[in-house]
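These notes concern the structure reproduced below.
The letters A, B, C, D, E, F and G name the chains in turn, as written, and every chain counts its residues from 1.
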Amino acid sequence: MISWLLVMPIAIPFATAVIAWLARMGPAGRWISLFGSVLSLVASLALLMAVLENGVVAAQMSNWDAPFGITLVADYLGVVMVVITAITGLATAIYALGEIPERMEKLGYHALFQTLIAGVTGAFLTGDLFNLYVWFEVMLISSFGLLVLGGSREQLDAGIKYVALNLVSTLVFLSGIGLLYGMTGTLNMADLRGAVAAVENQGLVTVVAMMFLVGFGVKAAVFPLFFWLPASYHTPSFAVSAVFAGLLTKVGVYAMMRMFTLVFTGDIGFTHELLIWVSLLTMFTGVVGAAAQMDFRKILSFHIISQIGYMTLGLALYTPLALMGGVFYLVHHIIVKANLFLVSGMANKLAGSTDLNRIGGLYKSSPFLAVLFVVPAFSLAGFPPLSGFWAKYLIVKASIELEMWFVAFVSLLVGLLTIYSMTKIWGMAFWKPHPDGIEPTPDRVPASVRLPMMIPIVGLAVMTVVIGFFPEPFVQFARVSAEQLLDPGAYVTAVLGEGAAAPAEPAAATDAEPVTEPASETGGQP
Amino acid sequence: MEALTALIVGLLVAGSVYLMLARSFMRFLFGLILLSNAANLVIFASGRMTPGAPALVPYGADAPAGVVGNALPQALVLTAIVIGFGLLAFTLALAFEAYRRLRTMDTDKMRLAEPKEDGK
Amino acid sequence: MADILVGILLLGGGAFVLIAAIGIVRLPDLLTRMHASTKAGTLGSLLILAGLAVHVASVPVTSKVFATALFLLLTAPIAAHMIGRAHARTTRKAEQSAASKG
Amino acid sequence: MTAAEFLDLSVTIAMGMILLGLAVAFFRLAVGPSLADRVVALDMMTITIIAFCGVYVVAVDDASFLDVAIVLALVGFLATVALARYAERRFERENGSDDEAARKREGDENG
Amino acid sequence: MAEPSDPNAPWVNPAGMITVAITAALFIFFARYLPVVPVEGAVPFVWDWIPSLDIRMSFWLDGLSLMFALLITGIGALVMLYAARYLAGHPQYNRFALYLFSFMLSMLGLVLADNLITLFVFWELTTFTSYLLIGFSHTDPKSRRNALQALLLTAAGGLALLAGFILIGITQGTFELSQLNAAGTMAEHPAYLGILILVLIGAFTKSAQVPLHFWLPNAMAAPTPVSAYLHSATMVKAGVYLLARMHPSLSGSDVWVWVLTLFGATTAVFASFMAVRQTDLKQTLAYTTLMALGTLVLFLAGSTGYAITAAMTFLLVHSLYKAGLFLVIGIVDHETGTRDANVLGGLARAMPITAAAAALSGLAMAGIPPFLGFIAKEVAYAGALEMALTVFVVVMAFAAFALMFAVALIVAWKPFFGPQGDLPRTPHEGPWAMVLGPATLAVLGLLFGLMPGVAAYYLIEPAVAAVMGAPDTGGRLKLWAGFNLPLLLSLLTFAAGYLLYRFHLDLRERLARIEARAPDLDAGWDRLLDAFVAFAKGQTRVIQTGVLRHYMFATFAVLAVAMLATMLLRPVGGVSLAFDGIGFMEWGIAALIAAGTVLVILTSSRIAALVGLGVVGIGVALIFIVYSAPDVAITQLLVELLVVVLLAVALLKMPYLDAGNRQTHRPFDAALAVLVGGLTAWVLLRVTDAPFDRRLTDFFEGASWTEAFGRNIVNVILVDFRTLDTFGEIAVVIVAALGAFALLKGGLKRGPEGETAPHAEKERKE
Amino acid sequence: MNSIIFTAGARILVALLFVFSLFMLLRGHHLPGGGFIGGLLGAVAFIVYSLACGPAEAKAALRASPEGIAMVGLGIALLAGLVSFVFGDPLFTGQWYWVGGDSYETSIFSINSVLVFDIGVYLVVLGGILSLAFAFEEET
Amino acid sequence: MNNALVINLILAFAWAAMTGNFGIDSLALGAVLGFFALWLSAPLTGVDRMYFIRSYRVVRLAAFFLWELLLSSVRVAWDVIRPFPQNRPAIVEMPLSVQSDLEILLVTNLISLTPGTLSVDVTPDRKTLLVHAMFADDPDALVAELKNGMERMVAEAFET
């Protein structure tokens, strides 16, 4: 049963991709994709229920016990990422009904989209390092396809940079996996926790940890590895950029959180300290970068970077509160940032551009959209009582608790500068009259396009508000997530079984024989 | 042999980095191929190297008789090779299409998405 | 005895392979070089495969060796033909066009 | 010298000659000068790998490597064919029609 | 800046009336606590909002919050009524009403909150709603700019405040103001100074203390009702409210006294001069608001009963008359079309009720008996005489009050009773909905002055008790306190104030000259923003160059530095190159790979590079062959082959290589490349140096045949032990194919050179 | 590319390669080979076909679009994994049905999900690579 | 011919079935034995005599080819390693008599494989084969040698 629940969020999008692709030439494809997204959400929620009921759940794929086979595992962090992925997926699938032209559907948009979701979900659920690499690649190649789908010159130009830098990070990550395997002989992440601690040459572990940090850092778009993001996120279709903005970098953050709480915890004074500075620079350079931009989506893109810094900061500070903040930030930011990109798409449809100098008048003519912009925008800026405030609050409080004044200062300053950018968009796209005298009223777009585009915007905005006004369950969830991250005993037990969770003593393990269980006992196949 | 493989990997990485830093995206592609090879060799060498004994269970036996090559990194490398091929093929298509539409392979001149005067 | 035969076959094969390689460096023009690679190289490989077949002396291996040899004999000349043809066509056309432009 | 020793020695020498052959072929591959020269060298190397596999089977007494040889014997020619075809088509493009020929080269190419 | 309103438009707008009604109802609701609070001290309301963060939605109705609540709802109701007429027919009136109402609720939440985080939530909500209100005339760039200025400055202060609050929560263990205040001053705590500074930054920005004051006059871009409400009676007082609210826990230190005194006094006097300097009456009033805020801060510096009573009284008085005067100016503007002090005059005949309201408010402002303003001034002087830095405080207060007297005449006397001016329109009395507000407020100012005991018992003394954190003796508010020093000072104030009024035109000129030479903070703000944007652009130019190889270089450099630094900072041991057991065969393969690599790097021929890659691929395949991996070797060879085939097709339509290795950046590239390569090799050497844990491998070898029924262990791993990897992998292949297919076949119509733009494409026009 | 020699050779080679690719697929569980290698070889077969006779003819010989083949292959691989749920096992657990016996030793041959999965792999690799190759071929 | 081949193969499989061994070795032996059986029973089964003749010619061609391969490989090898290579390369035109694809393929491949000669191209009318010869001192003699040797043998082995 648990196995079912863990597999379905990955299998459903794959199956949907296959069927949607086979039906891509007709109108059925988009509805199949939508239906699959609904199913994914249902499956994710079922998994969430299971995790809430049982704590960390795990299942051994192919029925080979960990660490020999591949384990899928869902702890609080994992499952919430899966759910939020499904939500974002559904929102975007609805949006695509209005936005994605038939030409792109025939080129396989829905299949690429669903495999992207499958890859992201797989990355969140896998408990195996190499398998994580595979899901990264599924996600990456799908994102390549989606990024350049449509083939405008900007897209191709952006695609070159996006592809090049992401491939490099992938290969760094892959090499890191190889080296880690070379040191420990295992790939199971729970197993790696003990195995890495038992490695004699801990300095070398830290060197390899740096490779992971760089590999994930590029994915997560931290300073100074984020170049690919502002170079590309403003070019694809809006549904695509919304999914990218919401999910892709978060996979990097998630992987960082996972590896640097579960496996690379031997030299926190070095790795996490470094990550603090990286995070601060990420937050600051991102938000400053946004200030230089004059395009709706480019501004949003730079803000992704800036916000990523908060999340990695949560990890870097490495206290329960900080990690809690990091997790809360992840969830909040996916919803909010995806929504802002969706809004930018609607603005583009109504006002004819995303260049802030060439649009305007949305406040007057489309007040409803204005409200729907304000909610995520000011949530992003950390205005209470929207979701972003609590996220920022947790991080700032964590840094003040640690008496890291400078960290708290930068966190707050970046929040302020975020307001600057959000109000820039507000001022230029909404308040300012349209420079061409156009009245961007909603009826400029036919209802068949407008409604699918507005529904997800409304839905995500409502979620932002709900999380903001009633944060208690989410905060509690984030707290348990953080506790599980800081003390992965439950995770390790769920994966490896009872008795495996005892932390390996580095001194004792060096002369001990590697534990090889007899095949007859461990081989799960009857 | 791991030591020598490490040196080979070092050379391949150095070569690929040098190529990837070039202005021509074609050279980047070449570097990418080299780097994939290097990463595969890293995995392969990390599993330690055994000459002349494929990881096969002989007919009539339940397990390989002596020490055989480590099968796990082989499977990983195989997976990585195929994935690498997929990525490379896509990248090649991208380069091809980019050249067709942008008329350049010089990445210094690819400034459409981030034009020079950007940030005004 | 078989070992000696195998040794000789391997040595002969190795020698042909090496000579073929030297040939493609030493011989003056492309088509002539291809004589070395196509023939001596193929023969060298065949000799080595024969040695292998003698050495292992099992039917599956022998049949595989036969298959390999057959495939090689089928494909090597085709490859040579293609490259020779390309060379011939391009150089001849180039000469023609140079002559006509004159 | 026993027969077995002779075999070992021949294996070593054959392996040496094959590797030397690879090196020599590489020289042609590197210096060209024409595309066809390089392709011929690459083709030569493919055949040499088949020989290498053969010798290695004898060296380690494991016939699995013959599978590599058999695959290579079957498909190795394709690279040569593809490159030869490339040479021919490129030549046609550059000399066939005037507008194609007029296209500016971005740099020199030897091969 | 006046909003266009159609005098004939129906103004009984449902949205407006509902907001007025609710606000009035709220006023009545709070008014019912007037008898309760003086007796019971405080009424709490608690909802456990986020228990896991110890954040409660808790409210605390005591004298201070009650006074504020009544001002907010009372003045709010009047202002909303006024606005319904003022903006009648405005197309966005509904939004306006919504914003104003939201603001009212936010402000109410702010003053009622007991939990600091709850307070902060409302604090920021007032910031946000006021942003919408200030920018209400959103088509005007000036309006947008000023709204942003107010937002950023107050939000910046808000963030400092948040930090301060969090620090309080961490150090004091609670966010509940009632508990904090009950515990007395935290001046002894090591974090006190930090907390104080942070809270003061928040309070001072919100309450526009010099030098963070300049946003307030600009905020007058908002419609006049907004100015009346936000910038006189409510929002700007939030900072003052906070200082009063936290008085028991934050006061009691020299820093508190000094900082508040200096900033308050400076702000008060500076603002008074600036008020005289202005000719736009709305601006004049804006500066007098500033002056009032300074005065309030000044008196909050003191901890004596008189000082606090002075602050609370003055707060009440000011709210009443200032809101009234703003509304009056709004009427004048509405009716005459101008707010220019030099033009306006003699309006009393045309608009007698307005004139009367103005006069009453003006008298309250000037501090003439028997208005409450007079009492406030008396108490203020009494308080000032008790405070630390007595002389300074008294002198500054005197200056401020005198100037205020003059301003009162300028604003409330001259336009109505001064010489007739040359007006753009013929004035009429304002509609009753607009006049009602100022009239009510003006009358209230008079009534409270006549019955100071009532005001004291129900409003001021409970508030003072709340601020002092202890029950207060009270009885300080008297219309006639006898002949004493404060009275003398009052009289002197009148004299000085009148003189100032007489010569105010002169003074204005002098001030204008001084102002011209003084640094212009408002322009400085623009320069600051410009500098920030310039910095941002500079950063973008440096970091986000748009050039791929810069990005690549940075990425690899980061990798190299991270690895190298770790090696230097952490013990990682040395390298031993163990080449034993490596024969000529292995060296030969290595040499082949090396040769291929070098060829690819050095050649400027595409085909040479391509065959070089083929050689490297063959070399790597040879490693796989020699080291027992036939499956991998076959796959490697097949994939290499396919790469060559695909490249041979693709290269037909791709350009030749440039002679790139001669470019100037290449030596640096080479150095980095060598570094990255060396580091990778080094790490791999170290990793493979140590013994290997064969647990997984042993299991696979044992189970492959016996449990998974396959003899090729590699394949069994691929299709059984680790199927999920393989599944993901084929997904990559298929998606790569689909993606490439979509790219190449994009369905776009192309010309011979493939240059025809697709229909969806937006070409850059610039 | 109207080389008589190559075309004639391709006739033999295509069939040979294709049979060989199936051979490699089926033997893969016990000897070097498997779905990847088989699929790659199958793709090579049709690439040879396409070089000899043009992509259009090669596509026609394939009967179905390569992308479709790949997609179906992915579906087959997924089903091979999902089928284990029917037997109450986790995803991708190998399901073995012994024809004429109850174990490897006693049975004549087996029907198993592992091979079905490998066939899915084969189809994906074949279809995916051909799709790429044809797309490039048609664009130049 | 085809019938005969099919029968031969059936016999091979029958042999394998009888021995219970379907290995390559068993099948090969069955094929050889079947060939003999066919040969012996030719009058009875009505199998064309040509089947046996052609089979002989195919074997003869293979032997001839292998010998030629060895011989000329040595010749080329010697020319490669001798101090002063003696080759006088030239392209000669050889008229083609064989016309079917398979025969052309065989002829050209065999010519290519035997050292000293290399099939470069077939003219579009399939009438002429361009052969590059390494030792083309006497082109006419060379063409005659090729036609009488390789081409004739191929034609004989596959004539219909």
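We adopt the following convention: a residue touches a chain if its C-beta (ideal position, glycine included) is under 8 Å from a C-beta of that chain, and two chains touch if they have at least 3 such contacts.
Everything quoted here is computed from the prediction, not taken from an experiment.
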**Request:** Show which chains lie in contact with subunit A and also with subunit B.
**Result:** E, F
**Request:** By the contact definition above, name the pair with the higher C-beta contact count: C-G or B-E.
**Result:** B-E
**Prompt:** Quick one: which chain's Cα centre is the longest way from subunit F's?
**Reply:** E
**Request:** Farthest from subunit A by Cα centre, which chain is it? Let me know.
**Result:** G
**Prompt:** Taking each chain's centre as the mean of its CA atoms, how far is subunit C from subunit F in angstrom?
**Reply:** 31
**Asked** In whole angstrom, what separates the CA-based centres of subunit E and subunit G?
**Response** 89
**Prompt:** Between subunit A and subunit E, what is the separation of their C-alpha centroids in Å?
**Reply:** 27
**Complete:** Chain centres from averaged Cα atoms put subunit B and subunit F apart, in whole Å, by 24
**Item:** Interface hub residues of subunit G, defined as touching at least two other chains
**Value:** 108-109, 119, 121
**Complete:** Touching two or more other chains in subunit E are residues 536-537, 540, 544, 546, 548, 552, 556, 606, 626, 630-631, 634-635, 638-639, 641-642, 645-646, 649-650, 652-653, 655, 657-658, 680, 684, 687-688, 692, 694, 696-697, 700, 702, 706, 708, 710-712, 714, 718, 720-726, 729-733, 735-741, 743-746
**Request:** Please set out, as single numbers or ranges, the residues of subunit A touching at least two other chains.
**Result:** 14, 21, 61-62, 108, 111, 130, 134, 137, 141, 144-145, 148, 151, 153-154, 160-161, 164, 168, 175, 179, 182-183, 230-231, 292-293, 525
**Message:** Can you work out from the touch definition every pair of chains that touches here?
**Reply:** A-B, A-E, A-F, B-D, B-E, B-F, C-D, C-F, C-G, D-E, D-F, E-F, F-G
**Fill in**
Residue positions on subunit F within touch of subunit B in the complex are 30-32, 36, 125, 128-129, 132, 135-136, 139
**Fill in**
Per the touch rule above, subunit G residues touching subunit F in the complex are 101-102, 104-105, 108-109, 119, 121-122, 124, 126
**Prompt:** Along subunit E, where are the residues that touch subunit D in the complex?
**Reply:** 584-585, 588-589, 591-592, 595-596, 599, 603-608, 610-612, 614-615, 618, 621-622, 625-626, 630, 633-634, 637-638, 641, 644-645, 648-649, 651-652, 655-659, 752
**Prompt:** What residues of subunit B sit close enough to touch subunit D in their complex?
**Reply:** 51-54, 56, 105
**subunit B-touching residues of subunit D, taken from the complex the two chains share** = 56, 59-62, 64-65, 106
